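First chain written, first letter: the chains are A, B, C, D and E, and each begins at residue 1.
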Amino acid sequence: MFIELLFLTSALLTVGSAIGAAVTRNIMHSCVFLLGSLLGIAGLYATLGADFVAVSQIMVYVGGVVILMLFAVMLTGGKDFVSRAQNLLGLAPAMGNKWTYTIGLLTALVVVLTNVKLITNVVKAYPAKVIGNDFPSTVNQIGHLLVKEHVLAFELSSVLLLGALVGAAIIARPRRQG
Amino acid sequence: MNQTIVSYLSQYEFYDVLLNLFGNNQGLLAFAIYLIVALVVVGFCATVGGLGTYAERKISADLQARMGPNRVGPYGLLQFLADGVKMLTKEDIMPYTADKFLFYLAPLLALVGVFATLAVLPWSSGFMMADLNVGVFYLIAISSLVGLAVFLGGYASNSKWSMLGGMRGASQIISYEIPVTLSVLAITLLAGGMSFGTILSHQEGTIVNWFIFHNPFAFIAFFVYGIGAMAETNRAPFDLPEAESELVSGYHTEYTGLRFGFFALAEYIEVFVVCGVGTALFLGGGNLPFNISIDIIPTQFAQVVIFVTKTCLLYYVVIWARWTLPRLRVDQLMSVCWKYLTPIAIFNLVGCAIWLVMFNGKSLADLVFGSH
Amino acid sequence: MTPAQFDGLMPIVILMGIAVVMFFGGHFLTVLLSPKKPSHLKSMPYECGEIPVGSAWSSFNIRFYVVGLIFIIFDVESVLMFPVAAIFRELVDMGHGGYALIIFLSFISVLLEGIGYCWKKGDLDWVKSYQVSLKNNK
Amino acid sequence: MEYTVGNIAPIFLAPVIAFVINAFFGRKLPRQGDWLATLSIFISFIFSARIFGDFVFGTFATDHFIHKTFTWFDLSHGANIWKVNMGVYIDNMTAIMLLMVSGVAFLIHLFSTWYMDHDEKHGRFFTFLPLFTSAMLGMVMSDNLFALFCFWEVMGFCSYSLIGIYVKKEAAGDASLKAFMTTRIGDVFLLLGIVALWMVLGSVAYVDIYAAIAEGKFAGQTVIGISLATFTALCIFLGAMGKSAQFPLHVWLPDAMMGPTPGSALIHAATMVTAGVWVSLRMYPLMVLGDITWFIAVIGAITAFGAATVAMVQTDIKAVLAYSTLSQLGYMIIGVGVGSYNAAFMHVITHAVFKACLFLSAGSIIHTVHEQEMPKLGGLRKYMPYTHFAMMACTLAIAGIPFFSGFVSKDRILGDALYFGFMSGQNPLLAIVPILGFAGAGLTAFYMFRMMFLTFYGENRMGHHDAHGEDHHGDHHHGHEIHHEHLDARQNVPLLILAIFTLGFWFAGSLTGQGIVKVFGEKTEWFKVLVEAPKVERFVNHPREAWGSTDTRVKTELTKARYDHQTGYAGPNPDEHKIHTAHVIGAIASIIIAALGVLIAFLMYIKKSIKPLATRFPGYTEVLRNKYYFDNFYIDVLIKKGLLGFNRFLSWFDMGIFDRYAVDGAAAVNRVLFKASKWFDNVVVDAVGVDGTGVAVNLFNLVLRIIQSGKIQFYFVMLVVVLASYIWTVNI
Amino acid sequence: MMGLASYLIISLILFVVGLVIILSRKNIVAILLGIELVLNAAALNFVAYSRYVTNNLDGHVFSLFIIAIAAAESAIGLAIVIRFFQIKETIHIDEATQLRN
């Protein structure tokens, strides 16, 4: 009972916030809606029994990515984040207009049709019930997977993150002309 | 999911009686128990938060050799209630330039973030609302909502003081999250798990089993955690985001009435939670410094009392620090975090790992007194 | 996990719900109790009595972003380290302590390398970062 | 011999480790870690040599192969989809290729330690060189197209880095970008082909593809109206065209010489360009099934001949070699196209050896005299005897002189091409393949000897040129300060080692390769015996070995096999006697043609008795004093012979379309369209009096301008739509 | 109600919404935001498959790595945005048509 409710709430939060992020005309609100969507996904992970992934989701996205995005919006000066009817160059406003949305929605329709084709096969192939779901502690299992089967990926991810850190620091560092 | 309050109660007979009362619907009963306990906990924490303001004033007055609040109630004890009523009756003002949606949302996020952390706070070995397998990790993660709330609050006000305070606050909170996380990681290493149940069960027995005395690195980690946590809750000497003399009032400059109250409440409860986590991680939680091994309900209550006492002692230290130490400059703040605390925390982590491998998981006391 | 085990997540949701209820209930009370006398001056952003000039939403210094950047990298690294740390003791008990230590240390060493780099390049200096990076970027 | 991962993996891992160490700590190591890179390749070589020994001289049956797989990740829950396997696949071809790549790469590394000494990019060069080699080794060993693609891209990146290693030179940067972009065109198609195979077969392992071909799984499958086999084969071959620099996509290779010469040697000889031939050979059954072999042959022929003509007019020694590489790659592709599987692969090997040697020799010359324009060289034979010896051997090989390796392999290809073009009853238009092939062979002999004669023979035209910048105080009246070459373990010993292997009998057993002079008897025709097109039937239901397993299958003695004209998997060709005839004719013809080419070169550059334009220019002395006249004179000869048109076409193609395309695709297309519209205006509009055409063309331009807008989101939309239509057309 | 299909559908909706954001917004930060949604849709699929199909936790590990990569990606992407803003004084994607300034 509770789990179904949790699922329903999370799903509604996820989808609703995502749609909110897509339609709002303020980038700041968009980021906050993204936050809601990500929290909802964390809830969905929780309903899937993936407690560690859920908390990681909250930790990285809520604590990190969203704040970073908000920082980036602030750093880029608050000029572009409210929708503009038109700017000097005659470009579409930063948060989109009806034409861009039309293109986006048409493409989305294509993707939906394509994916429905793919998903139906998968759903037909697998019954909608849990198979052998007894993972009392995902943390320990994930830990074992990380140090055994995926140890290379684990170590390489640290290198990847180092690369990201160094690269982003170099890119973002203020320069003379900047 | 390990030990929760429901599973603890279910070993007693009256649980079955209750179950019958609820028509054998375990979920409903669990919901009822949780709801009651949650309300109790929230009420308690709100009181503690309110009393926190009182204690703060009293202690600061004591330190500065003056009286402090003494009009409302005996020794001014009901001051916080008066404050609360005052907040309720204040006019609700919002700047016309503000981002209204976010202006409303920010205090809510702070409140949600802080309340959600209460779920895993280990009041005693049996009275835990939820003992997640990812307990500490969950706590760190969900409390980062507060940082976001600070930023959004500062942003939404569209006042320059607020904005500066919000940016500072957010960057300070996320910075100090790193040493705190690394210290917690060291404890996870020692306990072999992230759930509070596991962590507490490793600290049962005498005082030498507390993780703070497990090895020298854990001892240092406690202080790293303490400083980091203090900064994460924007407490002095790290109260840069709301520094009165620099930024008027920081990110909540434009907040009035109840919304300001929620921010304040969130902050005080967060201090309490942080102290409680420090207690649970390093100071043995509800365990006494000596060994008692009777498990009856009164023991659980005793543990709750012990836990709260220890937490309040830490709380006292936090307040004491606020009125003793001068505020840091913003560049000092950052270098303290990144150039001192973080390297030290990494050093502690490495030290703990090496200690574990070298001494096969034995604590210092085991080595000195010989283990069993 | 069985559905019953998911009940352990209940307190979190309940507490969040309490927070939301408290928030809106509080607002309701405020609406009931508080006076309402709006004026233009009152709803102006507070700038020490001066009339505000421009919006507060303007470009901020890059150093906030750099801090956020270092933070997020450390954040992710700690996320990846937590499960390993949680089974570290188990591995030690199983006799794979050396292996676990090597994995753990090599992961942390990369982390240290990152912070060392930023330290050296002056990204960790709040005030001086601008001048230092000027020197480095010559 | 027991094969476990432990003795296969070091081949790939040793250079990777060297790369990692050099990348991070290279600057702190003595000599910036070049010894480490060289050592790592040597380790690869040792392990490769062991595998080679086992497969070629050892106890394995001729069709033995090792195929070890592990599951990379598995989300399939027992089913075979959503399961990605990686693994190694080693058969005779792999063993030979491994030995070649690691051996040649080792010698190139050894040479580079001399060549790059005191160079400012020394460390960086030795960071990417081992990675490049390891990617090639990994590509050769990989058992599926996806892994191949990964290594393929790593190679693309490394070539990018090596070509543009002198980042401060604008031309180097442009050349590297050009190489990267041009190969990228092919890579997109390759990926498309891989994805198509993946979606239909659920796997891209070679063995699975072979099995699918044998089981007829391709029958009836279509993609956008083309049969699946044709589509995938075409896509994969287009990828190969990009990497192997075949005709429309060849433009990057000549520019690739902007990098250091040993780097060029590695790109041109052992690694990058042979990747395309390699994948064509691996997917040969698919090419046959898709019926695109004629296309392959024609592309190869055009490349072989066109590049040879361009090579004739080059004055830069490295440019000659670069175009000769193009030409030789064309021969390999012809070999694939005409069904000369064995010889095509042999040409890969022989070409790798002599081309590496040629490039290293060129490097030796360039590093010694600091000059790479041939008209400014000359008479170096006296000063660089060892280099001369090595280069002469290689020139003989590439020119197709009997007893040398190039003759053996190229001649077999040409013989098969002759059969393919004239005797097999194909479309008579395909006779262009052998015609262009033989013409190209003659040109090859000519331009290679031209290069030799200009560089090593005649009088020294270095004149006032100072060999070593710091030697200004030396005696200038000698006219040359070139140091006499000494035998140096790092400079010319690699060349000599490579030169030894330009002899034909190493590869053919007999010196000519045509079975006329048998030195070691039929038994040592190991190439013929060992390399054959994959027989797809035997891969049906073949067992897979686990990654950690030890090979325990029964080994039998090396059996003798016939050298069949292999038409894919269809077994021996019934036209055996025709083929034999074709080969005899081909051998004789190519000897004659090669001799002719050498003779013309000799007459032109040594005897100087061909002087068709002597009236226009006062005399040889004048011509030789002014090197520029020399070239002009040369080009005039070509004009007389009517080749300039073709050259101009090639250069127009090179610059007019490709350079612009790389810089600004829309502009080039628009220009062509505008030309077309002008033509339309003049011819159609003026004549007929209809104005609509111009408008239509302009509209088309408008559409093109919108498409090429540089707007990322628009590209994204197109990507999504294309992918979606792709998924809809491919049935899962 | 809760089955593989429902998770797949939620993931599809997320993916499509992310796609719409990517395609219709002209603000680079918003586009990065859409990419985050798309990545999350993928990660959700992995975890759902892990529970309903494969019966192991590889999907969890995979989505952990997706989270890590998404964080790295957004860090780099936003750094580029900031740099772009410093050069161009705008974060409109249509202005990003040149490879060098």
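Structural remarks
In this section, contacts are C-beta pairs under 8 Å (C-beta built on N, C-alpha and C of every residue); 3 or more make two chains touch, one makes a residue touch a chain.
The model shown is predicted, which means the values in this text are computed figures rather than measured ones.
Counting steps between touching chains, the shortest path from chain C to chain D takes 2. Any chain bridging chain A and chain D, meaning touching each of them, is among E; the list is complete.
Here A-C and A-B are compared, and the pair linked by more C-beta contacts is A-C.
With centres taken as mean C-alpha coordinates, the chain found closest to the middle of all protein C-alpha atoms is E. Centroid to centroid, with C-alpha atoms defining each point, chain C and chain E lie 20 Å apart. Rounded to whole angstrom units, the spacing between the C-alpha centres of chain B and chain E is 33.
Rounded to whole angstrom units, the spacing between the C-alpha centres of chain B and chain C is 16. Each chain gets one centre point, the mean of its Cα atoms, and the points for chain B and chain D are 66 Å apart. Chain contacts: chain C has residues 1, 7, 9-10, 55, 57, 60, 62, 64-65, 68-73, 75-76, 79-80, 82, 85-87, 90, 100, 111, 118 touching two or more partner chains.
For chain B, residues that reach two or more other chains under the stated contact definition are 27, 30-31, 132, 134, 137, 155, 167, 170-171, 174, 177, 193-194.
The set of chain A residues touching two or more other chains comprises 1-3, 47, 49, 52, 56, 59-60, 63-65, 67-68, 71-72, 74-77, 81, 100, 103, 107, 111, 126, 131, 133, 135, 138-139, 142, 146, 157, 161, 164-165, 168-169, 172, 174-175.
Contact between chains, using the touch rule, shows up for A-B, A-C, A-D, A-E, B-C, C-E, D-E. Chain contact summary for the complex, chain D toward chain E: residues 73-77, 709-713, 716-717, 720. Interface residues of chain D, counted against chain A in their complex, comprise 77, 79, 713, 717, 720-721, 723-724, 727-728, 732.
Those residues of chain C whose C-beta lies close enough to touch chain B in the complex are 1, 4-5, 7-12, 14-16, 18-20, 22-23, 26-27, 29-31, 33-38, 40, 42-48, 52, 55-57, 60, 64, 67-68, 70-71, 74-75, 78, 81-82, 85-90, 92-93, 97-98, 100-101, 104-105, 108, 111-112, 115, 118-119, 124-127. Touching chain C in their complex are the following residues of chain E: 64, 67-68, 71-72, 74-75, 78-79, 82. Listed in rising order, the residues of chain A touching chain D in the complex are 100, 103, 107, 110-111, 113-114, 117-118, 121, 125-126, 131.
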